[in-house]
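Letters A, B, C and D mark the chains as written, and numbering starts fresh at 1 in each.
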Amino acid sequence: MIIVMRQDASREAAEDVAKRVEALGLKPNLIFGEERTVVAVIGDDRRKDREKFESCEGVDKVLTILAEYKIASLETKPEPTVIRTQNLVIGGGNFGVIAGPCSVESEEQILASARAVKAAGATGLRGGAFKPRTSPYSFQGMKEDGLKLLAAAREETGLAIVTEVMTPHHVDLVASYADVMQIGARNMQNYHLLQAVGECDKPVMLKRGASATMDEFLLAAEYILDQG
Amino acid sequence: MIIVMRQDASREAAEDVAKRVEALGLKPNLIFGEERTVVAVIGDDRRKDREKFESCEGVDKVLTILAEYKIASLETKPEPTVIRTQNLVIGGGNFGVIAGPCSVESEEQILASARAVKAAGATGLRGGAFKPRTSPYSFQGMKEDGLKLLAAAREETGLAIVTEVMTPHHVDLVASYADVMQIGARNMQNYHLLQAVGECDKPVMLKRGASATMDEFLLAAEYILDQG
Amino acid sequence: MIIVMRQDASREAAEDVAKRVEALGLKPNLIFGEERTVVAVIGDDRRKDREKFESCEGVDKVLTILAEYKIASLETKPEPTVIRTQNLVIGGGNFGVIAGPCSVESEEQILASARAVKAAGATGLRGGAFKPRTSPYSFQGMKEDGLKLLAAAREETGLAIVTEVMTPHHVDLVASYADVMQIGARNMQNYHLLQAVGECDKPVMLKRGASATMDEFLLAAEYILDQG
Amino acid sequence: MIIVMRQDASREAAEDVAKRVEALGLKPNLIFGEERTVVAVIGDDRRKDREKFESCEGVDKVLTILAEYKIASLETKPEPTVIRTQNLVIGGGNFGVIAGPCSVESEEQILASARAVKAAGATGLRGGAFKPRTSPYSFQGMKEDGLKLLAAAREETGLAIVTEVMTPHHVDLVASYADVMQIGARNMQNYHLLQAVGECDKPVMLKRGASATMDEFLLAAEYILDQG
């Protein structure tokens, strides 16, 4: 990482920062520029060391050379991840198509949808049993009854079931029916939920939140991956 | 509400919609415009009837005359709500100032902050014990230890404690220390959390999510209020 | 349109609004609901009448039944528009592919790009001669020299040239070289520019502004179309 | 600036970059980290050198130590800028209040507004003569007639006139009546307009575009300031 000193920071302040860097067992590299002094640090842990320096005296900001997400980075694991569940295969050159209605509404509706989805060549079925709705008065989904209907649709068609989980308390319930756990856009930064789905052994489909940056998105994925 | 028929909808389709309206015990009012036919409905429940008509044959869209939020509406409760907790009074002409650090970091830090906040004339102390952090590797807060330090700061200063709760599972814990439950911007549409804080007997401070509309914000408040 | 009266508006206020509606030669339809009175108006011009009522006494808001964009609406012109220029055909079942570099940088670069684009089967070549850059110190494009190189690339390949125009003053210049005038996302609400490109006789490619709604986007298109 | 090499870049690639840095008369500083090699550059021009290295072989990205805006930076001009025009004084501890209606609608309306604004203690009068409207069918402002009414209001009250200019072609006209040129939020990245107002000798009030970052905002200001 690169620790950038303030324009008005003294030489002593920069040297103090360098000493702190050494005290952590890392190697500092002091560079005196025309307008600013920077301390380039070698050997730091991308995940933890940044915060230690941001509030040091004379420090303006800390730039990271490496991305903050590590497990989610292609640099850590360059080979593509392949997800296989039921007839759905995604990644490593495999292109999986998941289709289905917004919500599970009835047995008739979801079975007809599943047959149409399968006939069209897709291998995953989506459909909400728990629905995040802007208004508390809108239909909130069929809940566990909806999950059972999804399982029945899988039974008949072999399609993998992709369905949303909205709160940590429901993770076990949803995981007992679903093949892929969906995290909706509004929950992309619901960190306890991310950790809870990270602990279950099902693959997770994470949607990008409206107006989230790529870094925020990859760090949300890192929350899931960090649970192992 | 106003049910707007599609441009190509037949007169029969509009009359069918009107019959459905009557079947619900409501009064339809058919209006044949130059380009569109609309069915104005009298006596509908703003909270539930809209969805019944959106998917009817020939219907283009349903406009609501009344806002979808009811409890959160000034029309339902025109008199201002006054929140009183510790020395903090908000609403009805009372202006409360809440101040404090981003996170609780140590006893020394939070007590010094609380004294400064009180000396400056504020009546509420904020400080995060559970922190929503973009990266899983950033400091996540002192958790229950942080809550205890906040309670100690209240003990000494009489300031009301405002602190964030991030997941339904922590609502009871946070409520046992806090005077006001804070819902952060990233959790504005974490509906299970909204319901969980709505069930506890503490006032709630709801932050508007980045780029959320006023309607989304008021409906999020409605989730909390709907729990009573 | 539907004129919604305030909850506390008197019956007289609603009747006054109805009289104003009649004075414009339109037909009012007074509906007394349980919580609100509304005046449904028949025969209004979607484009002009709304503003006349929004500030009348006792009026809360005006809902429009018809979209505010008229020329851009499929209801006004249901048959698909087909754009034909050079070898590029778009619309009515024709799918045109436009490809090319961010900026025109040199003769060698744009000719090599054009050949690759053509070889890959596309029929339009994009490339910026005028570049909207966040920083005034970044490369701003080759300007007219870039336009000349684009024309040379068209000469050789038959590809249609799609390039951005950033200010009304450049419309004639860009139109003398380009086949399609591009309006970039940052200029989606630069209304004088929209009007200026609407006056030239070249097709326009309008990009949606970051976080613009569909209504804002279609009304921006209406600005262009309204020039004829 | 800090040039960050790709993880798989060779030592030779980094040395080539260092040679290019020297060829520009700048001083390179090669640092071999555990995962990445970086070239720290001393003496570069924040405004121009970055782009030269972003597309070099083996380069991943270029981090800038200094902000890209120079004239708009407090580091370049630490003393506060004070704007004085008519009775309006802003900056350097002076707090100016500008008030007024959305649009100039009539002589009566703007004079009554101006008197009320002055009576309330403000020293600037705002009011749109050219209005950026989402719909081409909405009222677009009184144009030059509106500017004349604003000038009449200044004549009577001594208030400084703040009014929006929407296109470069109108800059001279608006500047002949206004004391402060306003750039609206939708035009924050209308770069030719920014340059045009930068050339006139009136102070400019730049509004931040919806969802623009601080860097984008300051670089937009830099466009204006760069005209001198």
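To be clear about the criterion, a residue touches a chain if its C-beta (ideal position, glycine included) is under 8 Å from a C-beta of that chain, and two chains touch if they have at least 3 such contacts.
Bear in mind that the values here come from a model prediction, so they are computed numbers and not experimental data.
Asks: What angle, rounded to the nearest 5°, describes the rotation that places the Cα atoms of chain A on chain C?
Replies: 180
Asks: Residue numbers at the chain C-chain D interface: does the shared fraction exceed half, giving same, or fall under half, giving different?
Replies: Mostly the same residues form this interface, as more than half of the numbers used are common to both chains.
Asks: Let me have the rounded angstrom distance from the C-alpha centre of chain A over to the C-alpha centre of chain D, please.
Replies: So the centroids are 36 Å from each other.
Asks: With centres defined as the mean C-alpha position, give me the chain C-chain D separation in Å.
Replies: Computed value for the inter-centroid distance: 26 Å.
Asks: Which residues does chain C have that touch at least 2 chains other than itself?
Replies: 211
Asks: Mapping chain-to-chain touches, which pattern fits: line, ring, star, complete or other?
Replies: ring
Asks: According to the definition already given, which pairs of chains are in contact?
Replies: Pairs of chains that touch one another: A-B, A-D, B-C, C-D.
Asks: If we count contacts the way the header does, which residues on chain C are in touch with chain B in the complex?
Replies: Touch list, chain C to chain B: 2, 4, 7, 29, 31-36, 38, 40, 42-43, 63, 65-66, 75, 211.
Asks: Flag every residue of chain B that touches chain A in the complex, lowest number first.
Replies: By the definition above, chain B touches chain A via 47-48, 51, 68-69, 132-139, 166-169, 186-187, 189-193, 210-211, 215-216, 219, 222-223, 226.
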